Amino acid sequence: MEFPGATTARDDARYLVVGAPLDRSASGRPGARYGPEAVRAAGRHFEDYDRDSDRTFSDCGVADHGSVGSPGSIGDRGEYGAYLESVIGEAVRDGLVPCVIGGEHSVSPPVVRAVDPSVVVVFDAHLDLRESYAGDPYSHATATRRMLQVADRAVVLGARAGAASEYDRAASDDVTLVAPEAVPDWTPDLAGERVYVSLDIDVADPSVAPATGTPEPFGLRPRVLRDAIRRVAPHAAGVDVVEVTDRDQGQTATLAAKLLRTFVYAHADATAD
Amino acid sequence: MEFPGATTARDDARYLVVGAPLDRSASGRPGARYGPEAVRAAGRHFEDYDRDSDRTFSDCGVADHGSVGSPGSIGDRGEYGAYLESVIGEAVRDGLVPCVIGGEHSVSPPVVRAVDPSVVVVFDAHLDLRESYAGDPYSHATATRRMLQVADRAVVLGARAGAASEYDRAASDDVTLVAPEAVPDWTPDLAGERVYVSLDIDVADPSVAPATGTPEPFGLRPRVLRDAIRRVAPHAAGVDVVEVTDRDQGQTATLAAKLLRTFVYAHADATAD
Amino acid sequence: MEFPGATTARDDARYLVVGAPLDRSASGRPGARYGPEAVRAAGRHFEDYDRDSDRTFSDCGVADHGSVGSPGSIGDRGEYGAYLESVIGEAVRDGLVPCVIGGEHSVSPPVVRAVDPSVVVVFDAHLDLRESYAGDPYSHATATRRMLQVADRAVVLGARAGAASEYDRAASDDVTLVAPEAVPDWTPDLAGERVYVSLDIDVADPSVAPATGTPEPFGLRPRVLRDAIRRVAPHAAGVDVVEVTDRDQGQTATLAAKLLRTFVYAHADATAD
Amino acid sequence: MEFPGATTARDDARYLVVGAPLDRSASGRPGARYGPEAVRAAGRHFEDYDRDSDRTFSDCGVADHGSVGSPGSIGDRGEYGAYLESVIGEAVRDGLVPCVIGGEHSVSPPVVRAVDPSVVVVFDAHLDLRESYAGDPYSHATATRRMLQVADRAVVLGARAGAASEYDRAASDDVTLVAPEAVPDWTPDLAGERVYVSLDIDVADPSVAPATGTPEPFGLRPRVLRDAIRRVAPHAAGVDVVEVTDRDQGQTATLAAKLLRTFVYAHADATAD
Amino acid sequence: MEFPGATTARDDARYLVVGAPLDRSASGRPGARYGPEAVRAAGRHFEDYDRDSDRTFSDCGVADHGSVGSPGSIGDRGEYGAYLESVIGEAVRDGLVPCVIGGEHSVSPPVVRAVDPSVVVVFDAHLDLRESYAGDPYSHATATRRMLQVADRAVVLGARAGAASEYDRAASDDVTLVAPEAVPDWTPDLAGERVYVSLDIDVADPSVAPATGTPEPFGLRPRVLRDAIRRVAPHAAGVDVVEVTDRDQGQTATLAAKLLRTFVYAHADATAD
Amino acid sequence: MEFPGATTARDDARYLVVGAPLDRSASGRPGARYGPEAVRAAGRHFEDYDRDSDRTFSDCGVADHGSVGSPGSIGDRGEYGAYLESVIGEAVRDGLVPCVIGGEHSVSPPVVRAVDPSVVVVFDAHLDLRESYAGDPYSHATATRRMLQVADRAVVLGARAGAASEYDRAASDDVTLVAPEAVPDWTPDLAGERVYVSLDIDVADPSVAPATGTPEPFGLRPRVLRDAIRRVAPHAAGVDVVEVTDRDQGQTATLAAKLLRTFVYAHADATAD
């Protein structure tokens, strides 16, 4: 099924939803392969109309590319990343804003390579700044580190877990940490930047988003997350939402679907003529 | 089973619990038919005593009528509504405060016809102000619109989703919207009114009440909901709690059962001699 | 997503998968609206190759039409039936064998009207021979009765529940009952007939297919069901599998998906040049 | 709620359904306290009419006493057993056939004391012949041993697990073991006996009845169980079905409810004038 | 499995994790017997490093004793309590800080007898101050009352439910109640005291900790709980976390595991040389 | 926790249980990483005594090595396989019969390299004879192919799915296929062979073993599986049970645990002096 409301033909679209059901490196609970279909299904009963932006989603110009690969079918990860990058690259060249639904966090670096932002804004409970994890440089636990190979800097919002070495890496000039408690008051300083937004759903508190691979207590509340997405969306050239699994009755996917719509409404509102 | 603590004989009672397991028009996830039994079971381990009102529930005078119809047995909805209205009407004539457990939100309009309030106070994530939904004027998505055919006005608390046409309808003088963020500070202006309280459990955040038909993020926290119920209960001639399904392990029904008890304690406290 | 292996373009196809997520009249546990996507997803890991027929599914010529309506979006049932009938009618006129995934059993009569068979072979725990149920002539509990308005006769396999009045109706010449215990030895007498196969998954034992609306113990084992499907498939002009819900972890949908493939392999094998 | 179809007034009834939600001594997975309500709910969608006996359940004369105690409320087990025995004793004196829904297997001995049979026919995966278990003579693991203090002999059907000492006890003249593989061919030799039937649902294979405290593979298939119940029912003065928990989506309770109805149909059929 | 990071040999340890899977007296939903393994498993993906204390868990000196008894194997509760007390007593004599994972709340009094604190700080939705419950002086509902037989006083944080008689008992000088709303501002006055911390996970809101025996709405948020644990940990000679069941997908156990680690980091930080 | 009854010290043992929670290559539903702990927990309530062999499990001489790696921690698969092979190799050199609990089927080839059998007897719904799957020669879908690099021949029992190329490979002299329907009558011809038994739990019907990665309908019934295990066990030098996930309520793990015990009882019985 397509993302609900993503009814625009690609040629007429401004946004392109792309599923990326990669699920290889989960060090916690697996199931991110079911993220794209769970998130698409969860949005089914949402109203088309958004009061805040006074817009309907179906008029925002969203197309759905479908998913790149299907759950369980993805073999070599290097090839997968290259192919995903090429799909997103084509979207970017067509002037589309990619809206990627993971899959594990490792899908973000290939997307970032295609979008080529100056700044990545990462919502995540974890720093994901390891150089390599369990011998794997492409693990979900290295996502932000890999994105920093493309972007000039990263703003990491809501992180509350990391190795000591990751905190060392985070002390560099190119990383800004915004603690969970500080997110409500965070004001983005992104004027003139090309921004990519990566939303690891585990940034939310586990009571809010229980169906994720590595739940970490003491996270963000839904409205805080919504408000931050609204603030950063106007600057964005691409977005993803990752690490949603199928291990609840739709609660986590419902939030993810809503935040993706929040992004589109806010972006469309800010960039309208 | 009866609602726990609803041990008063009907002839001696002030409150009458009535189950209404209608579950026909769900546009999201079905299961509201299991609401009455889930809510009754969930209250089983609550203390009889309430510290705030210094009252025991079993002394508040609550009887349980049982359920009107059983899950899956309900055929023609028009007939069902008429019958439910007659059951509630008899309770009202007997001087009882009906406490209805849904079932989908479509059970509220027949109850409201029996209670005949001047004001309905509706807790809901959705405006429910459509004239008709999917060709059905009695859909859950029209509940508040239908209630306004009886009541002079509606106060809608916590709504965050609706069609543009519903927001137009809400702009009329007979509708007051209180946004989710404004509910904590809401002061009811209900002196002298005959009030009916309709609580669609989806007004709560999906993390708080995941087992409901159309979960909508960014909703109310439990204490905010409790405090608002306490403020409005003294004015009420009837109450319902609707849209609880069986799709969690009891979390949603536990909240619904507690809020119904909160209503009774607060109402009994305010109306005691 | 499409049914796995249904990769043939419609113009080149012999079989057309159509989802029909109707879920209105469930007298038991609801959720048949999720049948089409559950069955499609469940088939994802099956081998393309089938040893018995020595065929690959992707070479059998199967296209996927998508679903007619989406879960929860279906309003007026009369309109829905008419529209479904028109979709299937077009497929039949195009020479395609419709393979419908319900939804509740009420989707079968409109499909049967489009296929216009002389015989319907119904696998069902229930007779479904009521004239009307709970005031509703289009209820799932009337499915076979409605199909008999089109077909000359019905063979009902595996039934073990019905009202006395249904057993009376079943005593007529146009109904043949094959008890669950007799299904293994059943030999179809269908030469020269135009056959429609309707498979209510509750014909299987609840231990085999727990996720269904009205589970009825003492049903068929998987291989018995498989073998009967193989015997009847060569005669068929259309097939459906209905009453699969989402209330397990995929067990029921996996069986349904496999039986649909079994049908296609066997039909393709029997009708090959 | 009452057991579906148990609509006869007690004074006019021949059978009395009694819930006994004891759940104290589970050595495996707890939850038998939810058995009575799960079994009652599961029977809701069954047909009133039974083809084999040509009887309707609602005409068999079944009343529902409700449950003795509620889940979690049961304190001292000795007192509970005594009270349960008195409730059943009164039913027996009134000429009723008690149909008890557990709860753990420890509810059977008090019921047996009230029924005072000459033979107990026990369906169970386990011998339950320990003198005491974990220091507790009233544990579920001692149920059949305790019943033998009342009855002259026990026939244990389907057992496949026990301590060596239990097999020693089973070698006595007053115990007959029928292995799972032998149950299909078992012919009861019960003429002139006063029989009590105790059905521990774990006698079924775990694939058939997964929601039970101590699942034991290699058990009975549903039809084998049904046929054995039919053979023994005509001789019975009482029956129970125990050890059903809430840890599935209703599959186990559906079987238990059906077997209880099977018992009533068969008993009514055999004892009709 | 051992508690993740509890890799220190006992002889070199400062903290000793002990599982206590007692699950006998649950008046609500059972399953606390699975608490120890659920909590141990939930911590598996946590980072070893904690930013706030700048410490790694594996360097804090934590050993895991394993569990005292296994789920379902515990017979006589008096004997169990005595044995648990002896195990903890030996740990205390060895200079270890016991960190007990329940099991129902009844495991705390034996642990308290071994630790012999002057003050118990109890996090709990319930007062647990009954002298006896359902005839049982060792019920979970009497836990704090029993602990007061050892400690001079109790501070009860977050309680919102109790019988009138329990509130009377709480009015004595030796009990301090801190209402849920007051916990964020609570400052412990524990200088010079020997403190035992007992954390009944139901003190958290049911949306935060749904898998517990007697969920009670309107509880603590995760960060409030974390901050209170941090404030009290420096004074503690022992801690437990109890009443976690297996009736969710790990959300509750994840919080419990994190709070236990929070305790250790904070205690180690405060008591470092 | 250890496998229940695996209480023998390694030095005195004949059997060594080893967990191998690898879960990387699942092409269906992931979760095999939880297999070892699920299977260990499921066996907890089994009787120590086995009637058929007249033996107690705890006297059979079983030690538990624990698991090699923990869920989610396994990085490079080549290294993992090598390490697992070395652990098993040491056991074999110590004269122990390894009893491995997976994990995905890819754990079997390293174990087989350590055991070095002449014949592998593989229970599996799938042929697993691909040379490589999704670019991965070590995928679960290649398990039997990899094992054939060590063993002279393979007997594959219960297989009902495979690619055409796998059936071609199966036609070679070194592979014997026994169809599911033929397993009850299968007589092993293994005298003088060194046999390794690999049990992919998906060989059972999905109604029997729903919690597995790639469920395939029409599989074996529990007693058929049990009897085949008993027949082959006397010849075996090692055994594994793989592809058990956590996606049910213990049903699948209960069967797996029981079959592992069945193996030990039968092996001990056959090899006793």
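The letters A, B, C, D, E and F name the chains in turn, as written, and every chain counts its residues from 1.
Everything that follows uses one rule, which is that a residue touches a chain if its C-beta (ideal position, glycine included) is under 8 Å from a C-beta of that chain, and two chains touch if they have at least 3 such contacts.
None of the values given here were measured: they were computed from a predicted structure.
S.K.: I need the common contact partners of chain C and chain F, sorted by label.
M.R.: Expected: A, D.
S.K.: Given that chain E and chain F are copies of one sequence and touch, is their interface built from the same residue numbers on both sides (over half shared) or different ones?
M.R.: same
S.K.: Which chain lies the greatest distance away from chain E when centres are computed from Cα atoms alone?
M.R.: C
S.K.: Among the chains, which is located farthest from chain B on the basis of C-alpha centroids?
M.R.: That would be chain F.
S.K.: Taking the mean of the C-alpha atoms as each chain's centre, how many Å separate chain B from chain D?
M.R.: Distance between chain centres: 40 Å.
S.K.: Where the centres are mean C-alpha positions, what is the separation of chain B from chain F, in Å?
M.R.: 54
S.K.: What whole-number Å value describes the gap between the mean CA coordinates of chain A and chain E?
M.R.: For chain A versus chain E, the centre distance works out to 37 Å.
S.K.: Mind pulling the chain D residues that touch 2 or more other chains?
M.R.: Touching at least two other chains: 27-29, 44-45, 72, 205, 207, 248.
S.K.: By the touch definition up top, name every chain pair that qualifies.
M.R.: A-B, A-C, A-E, A-F, B-C, B-D, B-E, C-D, C-F, D-E, D-F, E-F
S.K.: Name, in rising order, each residue of chain B that touches chain A in their complex.
M.R.: 27-29, 126, 160-164, 167, 181, 205-207, 210-211, 213-218, 247-248
S.K.: Help me check something: in the complex, which residues belonging to chain A touch chain C?
M.R.: Residues 1, 37, 41, 44-45, 67, 70-72 of chain A touch chain C in their complex.
S.K.: Hey, which residues of chain C end up touching chain B in the complex?
M.R.: Those residues of chain C that touch chain B are 23-24, 26-31, 33, 72-76, 79, 133-136.
S.K.: Which chain E residues qualify as touching chain A in the complex?
M.R.: Going through chain E, the ones touching chain A are 44-49, 51, 54, 56, 205, 207-208, 222-223, 226, 248-251, 254-255, 258-259.
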